[in-house]
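There are two complexes below, and they share chain A, which is joined by chain B in the first and by chain C in the second.
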Partner chain A sequence: MSDVVATNQTILVVGGGISGMTAALEAAETGKQVILIEKRPFIGGRVTQLYKYFPKLCHPTCGMEINQRRAKANTNLTILTLAEVSDISGTEGDYTATIKMQPRYVNDNCTACGACNEAVETEFDNDFNYNMDKRKGAYLPYNNAYPQQFVLDSRIIGTDDADKAKAACKYDAIDLDMQEETLEIKAGAVIWATGWQPFDAAKIQPYGYDRIDNVITSVEFERMMDPFGPTGGKILRPSDGKEAKDIAFIQCAGSRDRNYLRHCSRICCMASLKQSTYVREKYADEGKASIYYIDIRAIDRFEDFYQKVQDDDNVTFIKSKVANIVEDKKTGNPVLNGVNTEGYHRYSNPHELVVLAVGMEPSVDKDIFPVEIVLNNNGFIEADNKNGGIFAAGCASDALDVNRAVQNATASALRAVQVVNRVARAED
Partner chain B sequence: MAEVIKTGTYICKGCDLGHRLDTDQLENIATGEGGAVLAKQHDFLCSQVGVEMIREDIDKGEINRLVIAACSRRAKTEAFRFDDIAMTRVNLREGVIWIRPETDEAKETTQEMANDYVRMGCTEVKFMHTPDPSHEQTLNKHILVVGGGYTGMTSALESSKAGYLVTIVEKSDSLGGTAGKLHKKVPTHSPYRDPEDTGVTELTALIAADPNITVHLQSKITNTEGAPGRFTVSISAESGNTINETFGSIIQASGFTAYDANQLTEFAYTDNADVITQLELEALAKEASGGAIKRPSDGKEVERVIFVQCAGQRSQKEGHLSYCSGFCCNTSIKQAMYFKDSNPDIYTNVIYTDLRTPGAGGEDFYRSGQDKGITFTKGTVNTIANNNGNLSVNYKDIILDEDSTLDVDLVVLATGMIANSGVNIDAVKEDEDADSTEVAVPVESILNLQYRQGPDMPQLVNGFVDSHFICFPYETRRTGIYAAGPVRRPMDTKQAADDATGAAMKAIQAVENAGKGRAAHPRSGDLSFPSFRKEGCTQCKRCTVECPFGAINEDEKGYPQYNESRCRRCGTCMGACPVRVISFENYSIDTVGQQIKAVEIPEESEEKPRILVLACENDAYPALDMAALNRVEYSPYVRVVPVRCLGSMNTIFITDALNSGYDGVVMMGCKKGVDYQCHFVKGSEMAHYRLSKVADTLQTLNLEEERVAVHEVAITDIKRAPQLIDDMAKTIEEIGLSPFKF
Partner chain C sequence: MSDLNTQLVEKYRNNFLQEVKDNVEEGDWVKMCMQCGVCSGSCPMGPYWDHPPQEIFMMIRANKREEVLSSNSMWMCTSCYNCIARCPRELPITHIMHGLAHYAKRLGLAPKNQPTIKFSQLFWDNLMKKGRVNELKLGLSLYFMNGFAEGVKKAWKMKDIGLGMTLTRRLNPLEILGGHGVKDQTGFQNMIKKAQELEAARIESSVKK
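And then the complex of A and B:
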């Protein structure tokens, strides 16, 4: 990997989710040299863990396949996975980024034949599925992972499993001596696209995510729907493995709340409306969804989708910030307590499963941000001239849905192109 | 001079291929009926040594066609990258051994599968050529921006900053558009507490000082022709002057028109001067300039004001807008602050059903409004009536579940935005079809495109110019013309600024790629290009009608006129052509059709059916690959041919297949309709349309209809796609083999 060539006309993109990929591809397809670095062993980011997008109910893998193909075809783009920025120094038009790369223990010889996976035994929590199931220590992160190469979990290094994996590989693709590497990369401009993470639901104590089995998060619910996910595409209650057909969705779980996230995370209303269609997809007339909300923020043309869901008799809307959830020990049902503010009616509603529409939090903690940059109270990057040639893209800049993240990332690509074009003109 | 075809076929034995298949047999087929001049086997073809072996043969001129028989065309793309030679991939791994069990029983049919795929690859490559762009346009770094509002101005400045020339055409007598009429705008910076300056004055000054930007005011586009890299545009001024200029690409930032509040009779807008729209309040606030805002009827200083959200929007009522305009909640908060900031004692109440202030800034701004004492009421306004010079607002309070009345001085209606998208070309077409005599209100075209498909960009829903709006929001259906701002979808100024900058990125990219003859998204960089054999053409116009991107015009005799840089290379024209005269260098009726014919059809007595699958390479084919990765088994009787888009499927493929003894044909394309997932918008829909006419052919052949099936397959249909293949195998078992075996 030390053969990465970069100059002050190179654009460095930090983060290989939908925003980072978009920014990188748009710039590369305009003829710019781009280096994309991604912390995980594959690109695509959090959208790869979604079952469907709202409002088209189409599959993220579909657009991701096109983006992967664009990446494969473009020689201007270099992708480094398992890589993170630890420092950026310099000024606009002349940055040096320090990149730390974790060992994959698998080199480019890998054909994705899967022999190493068959050979190893130890299993670990599967972070791709939010730890809802296990995967082996030699693994392909998901079906359409790119680069299409296996990864060895660092925890098997030094164990028998590592030797078994190496012995099983006919292509000399496993290199157990790989070490963490540090590289320095020159760049004229940097696009910061580190995305978001789900708010830690356990912090919302009244909702009992850490105590009540059948209270899960919206991102976990997405994984359940994947036929190759932890439940084989079934909506199963964690407590007893039974199918859940009466499901409550709690909006603003962590968002719009001074105790947790001050901001509105924008996507959660549409995500729950979308997930209510999952319940109907699985169980037809037997599926019931109840959405507890403050405001339904189905902005612009998303309104049409909201109307469609509202027309569904099996979906109920309750205007209420749920006060607390207790578990009915006999049935395992979570019971939601609160007041329906439309007319002020107390309720105590049992449901078979509760999905918390968890908020969106910036991935990088604002207190340990590795780069000097202007952040707002919520930890998102502000558009500010003080940032020089470092530009936020996607959810690093605000809570955005996919369409708006891509829109923002395309804009950021141009901001970076402007810098490297200026550098090029100055050097001419 | 006829080119001598020298095919090299390289067969990989890695990933168990050598163990599962008789690769010597594959080699013999390649050099025998495949006509390859050389065939080589390698234990690990994608290794450096394997790749170098191929490279050497190419460089020495031993071969000028390349067949790699190994894994899927989606795997090992970096290793098997040979841009200087016509090449195909034979999918022996994901297409054969991974979807077949390793049993003695299955061995023969598995081998036959591999044999056929090698035959198909060797045949296909003979008809392929390395693409050579026409270079019909040069690099033109001049961008046209249509509309001088906030979006257009931003696009222009951002393009200029990247080193491109820009011309803005604005129909009014000044820049600024709707944003120019605002007193202030919703804050775009932390702490998101107070309204901020619109920035329009600054933008206007920047444009005036920018030598890269030319502005034409009081001007319109009266003619646009050409293609990315060579658009010729007539710009006509009100004065009567018309100039013609050429541009590389176009940004359409034609903005929006405010909804006509006169339609809202329940709110007495027409009859009462003190019922105004948000835009009208901006004018009053501008006039007051921080001082007391006076109501229009009698100039009294406003003491009590109500904001009615969703006036005429989010509603299914006749004449209302079904969508949410997105900006109005924040705008009402901002406007309530105009009052509160000048005098905190003024009563301001925002009546809403869902208050929509998303994102970090939105919620902080909402909180700031609450801190400043703005009242927010969840309710719906029933009527507004005049009450002795004041206004009585009757509304239902949804929280208290009761009707109430408030007397105020002024009511502000949050009416929505309607896209200025010009002529709805699809509606025009429908009218033609219906032979309608009704005269619709004439809408003025914005772009006046001299395209056979109509003068403006196609609209998706609600009049907005949009297409793949989730993953690829800038992909309008007219290549090199990018919509930006509220014409694309409802948005506020903050989003419009991003949208304008993103559209500028795409416009710049279009210019650069057109100059190199490279395709725009999604086949970015593709240099292949359709050509047609004029002598065979019957001027039937199917290609010009079906092209989803309006890339093809017609000349005066009705022959198609291709525009290289308008083309997205999907091949829908190739699929549409009934006389099959349209082809790409590396993708044609022959490259697909000859593969179909290359398959060995067993005699009837062998009882081995053959099923042809034409699979969209973007979704269905990857789904089959992923099925293989999971070792999902399916019928060994299937032969899969990936296609660029199911829209490129020509019905001749089906008739040829059935005539030559195939027992069934399965087509897999993407979802069509309003929520289409087809990357080429209409490709899948066109394929379905064509197939609706295949039934007649089947009848003439005296074949059962069930032998041909078309499915919408998503990339996630990892289990379903193989199932659909097996379903066809089962159908054939039931209805019997085709009578067309030889």
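And then the complex of A and C:
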């Protein structure tokens, strides 16, 4: 990968999720040289792990394929996967980024035939499915992964599995001697699009995510709906593998809470409203959803979606932040305790499955941020002149849904293009 | 005290929230409540009282002055601090409840025949004598709180525990003769008197402001 050419008119995009992809493509399509680096072995980020988008309930695969095609067709764009920024020095128009690249152990000869996957045996937790199932040590992260190349888990290197994988490959695509590389890349502007991670639900002790099997998070529920996901598209209770038809959603699980995340994560209300439609999609009249909320924040045009869900007799809204959850040992049902604000009635409601609508937190810890940048209290990047030619895009800047993240990323691309244009003029 | 009550009603007519903010300990936090209800659901005494904290806060905003101050809720608080630990806005709910209880008592609006109020008064009176709690006398006055006959019965029932405590030197029967106290009792009394004067002056000035 040492053949990467970059100058101070190059735009470096850090993070290959929907925001980073958008910013990189928009900038590259204006004719700028763009380098996109991504920590995972594929681009697309958390959007690839969603079943459907709100409010149109279409599949993210569709837009992702269009973006992949745009990326493939654009010669201005270089994508580096398994790469992370460890440092950025310099000033606006003249940055040098230090990038660490982990070995994939698979080269461009790979045809994604899957022979290596069949040959190896050791299994590891599958982080693509939030560790709900296992995958082998030679794997394609998911069916539509881009680049469409297998990866060897570094934990099988030096074991029999690595040799088996190499022996099984008919295309000489496996290179067990690949090493970690460090690159220095020049750039005029940097777009920081490192995105978000789900808030660690185990920290919300009264909800017992770490103690009660049938309390799961919204991102895990999303994976269950994927026909190629850990449950083959079925909503199954982790405790006994039975189908769950009476499902509770708890809003603000971590968000709007000074004990956890102070900010409103913005997406969770719509995510739970959307997921309530999954319950109806699976079980028709037999599916029941109960949404426990402080207040539903379905802003502007989402109000329509909210009203449609409200009109559904099988969806119940309970205005209450649940106080705690205990497990009914006999049935495995989580029992939700609290007081309903509408009438102040005490309840103790059993449900077959509980989904915590977990909040968004920035994926880069604000205390160990690798780049000098202005962050707010919640760890999101502020738009500040002190940041020079480094611009945040998408969820690195705030808790945003896909639509707003993409708008935000396009705006960042424009700012980055302006910087490299100034550099170009100065050098003429 | 009813005089003070009338003056306060006059002053804060239709703005009980402001009255709470000005006069109740930690009362300015009440406006921060977002009615999520996690305090009410977390309260171990929840099923046994008139109004959960969340409802009390809403009643304050809705000017339900009489209902709030005569509610038994504040007197049921056991200070377990579950509500403070869980409140997403970090309201000092336990302290607000105690502040409301104190305010209601000062205005003479607290519910009559509420056992916690009676006990609190007994505790205060006991403490004020010598600056230390006389546990023997406090225990006995608690037994006899509801009349002589019931007191004798209760004392008889508890006699083995009392004896056990005496034998293990957890209870000194000689305390009945007067008991221990702080060294400078005059100084202690003066200090309390001064504090009460200051508090009375604060409320008085609040009424006049």
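To be clear about the criterion, the second predicted complex is superposed on the first by the 428 of 428 C-alpha atoms of A that agree within 3 Å, B and C clash if a C-alpha of one lies under 4 Å from a C-alpha of the other, contacts with A are read in each partner's own complex, and residues count from 1 in each chain.
Simple rule for what comes next: a contact is a pair of C-beta atoms (placed from the backbone, for glycine too) under 8 Å apart; a residue touches a chain by one contact, two chains touch by 3 or more.
Remember, predicted model here, so these are calculated numbers, not experimental data.
If you put the two complexes together on chain A, you find that chain B and chain C both fit without a clash. In the superposed pair of complexes, A:P206 makes contact with chain C only, with no contact to chain B. Once the two complexes are laid over each other on the shared chain, residue contacts for A:E382 go to chain B alone; chain C is not touched. In the superposition on chain A, contact of A:K321 is made with chain C only, not with chain B. Residue contacts after overlaying the shared chain place A:N131 against neither chain B nor chain C. Once the two complexes are overlaid on the shared chain, A:T182 sits clear of chain B and of chain C alike.
More chain A residues lie in contact with B than with the other chain of the pair chain B and chain C. In the superposed model, A:N259 lies in contact with chain C only, and not with chain B. Using the contact criterion defined above for the overlaid structures, shared-chain residue A:N337 touches chain C, although it does not reach chain B. No C-alpha atom of chain B lies closer than 5 Å to any C-alpha atom of chain C in the overlay. Residues 256, 319, 341, 344 of chain A lie in contact with chain B in one complex and with chain C in the other. Looking at the complex, you find that chain B touches chain A at residues 14-16, 44, 46-47, 71, 74-79, 158, 161-163, 188-192, 314, 316, 322-326, 354-364, 367, 378, 398-401, 461-462, 464, 468-474, 489-491, 495, 497-502, 504-506, 508-509, 512-513, 521-522, 524-525, 618-619, 622, 626, 629-630, 670-671, 675, 677, 679, 714-716, 718-719. Here chain C touches chain A in the complex through residues 34-38, 40-42, 46-47, 51-52, 54-55, 85-86, 88-90, going by the rule given at the top. By the touch criterion given at the top, residues 206, 252, 256-259, 294, 319-324, 337-341, 344, 346 of chain A touch chain C in their complex.
By the touch criterion given at the top, residues 18, 25-26, 29-31, 51, 53, 55-67, 69-70, 72-74, 108-109, 111-114, 140, 143-144, 148, 170-171, 226-228, 256, 262-266, 295-304, 307, 319, 341-344, 376-378, 380, 382-384, 398-400, 402-404, 406-411, 413-415, 417-418, 421-422, 425 of chain A touch chain B in their complex.
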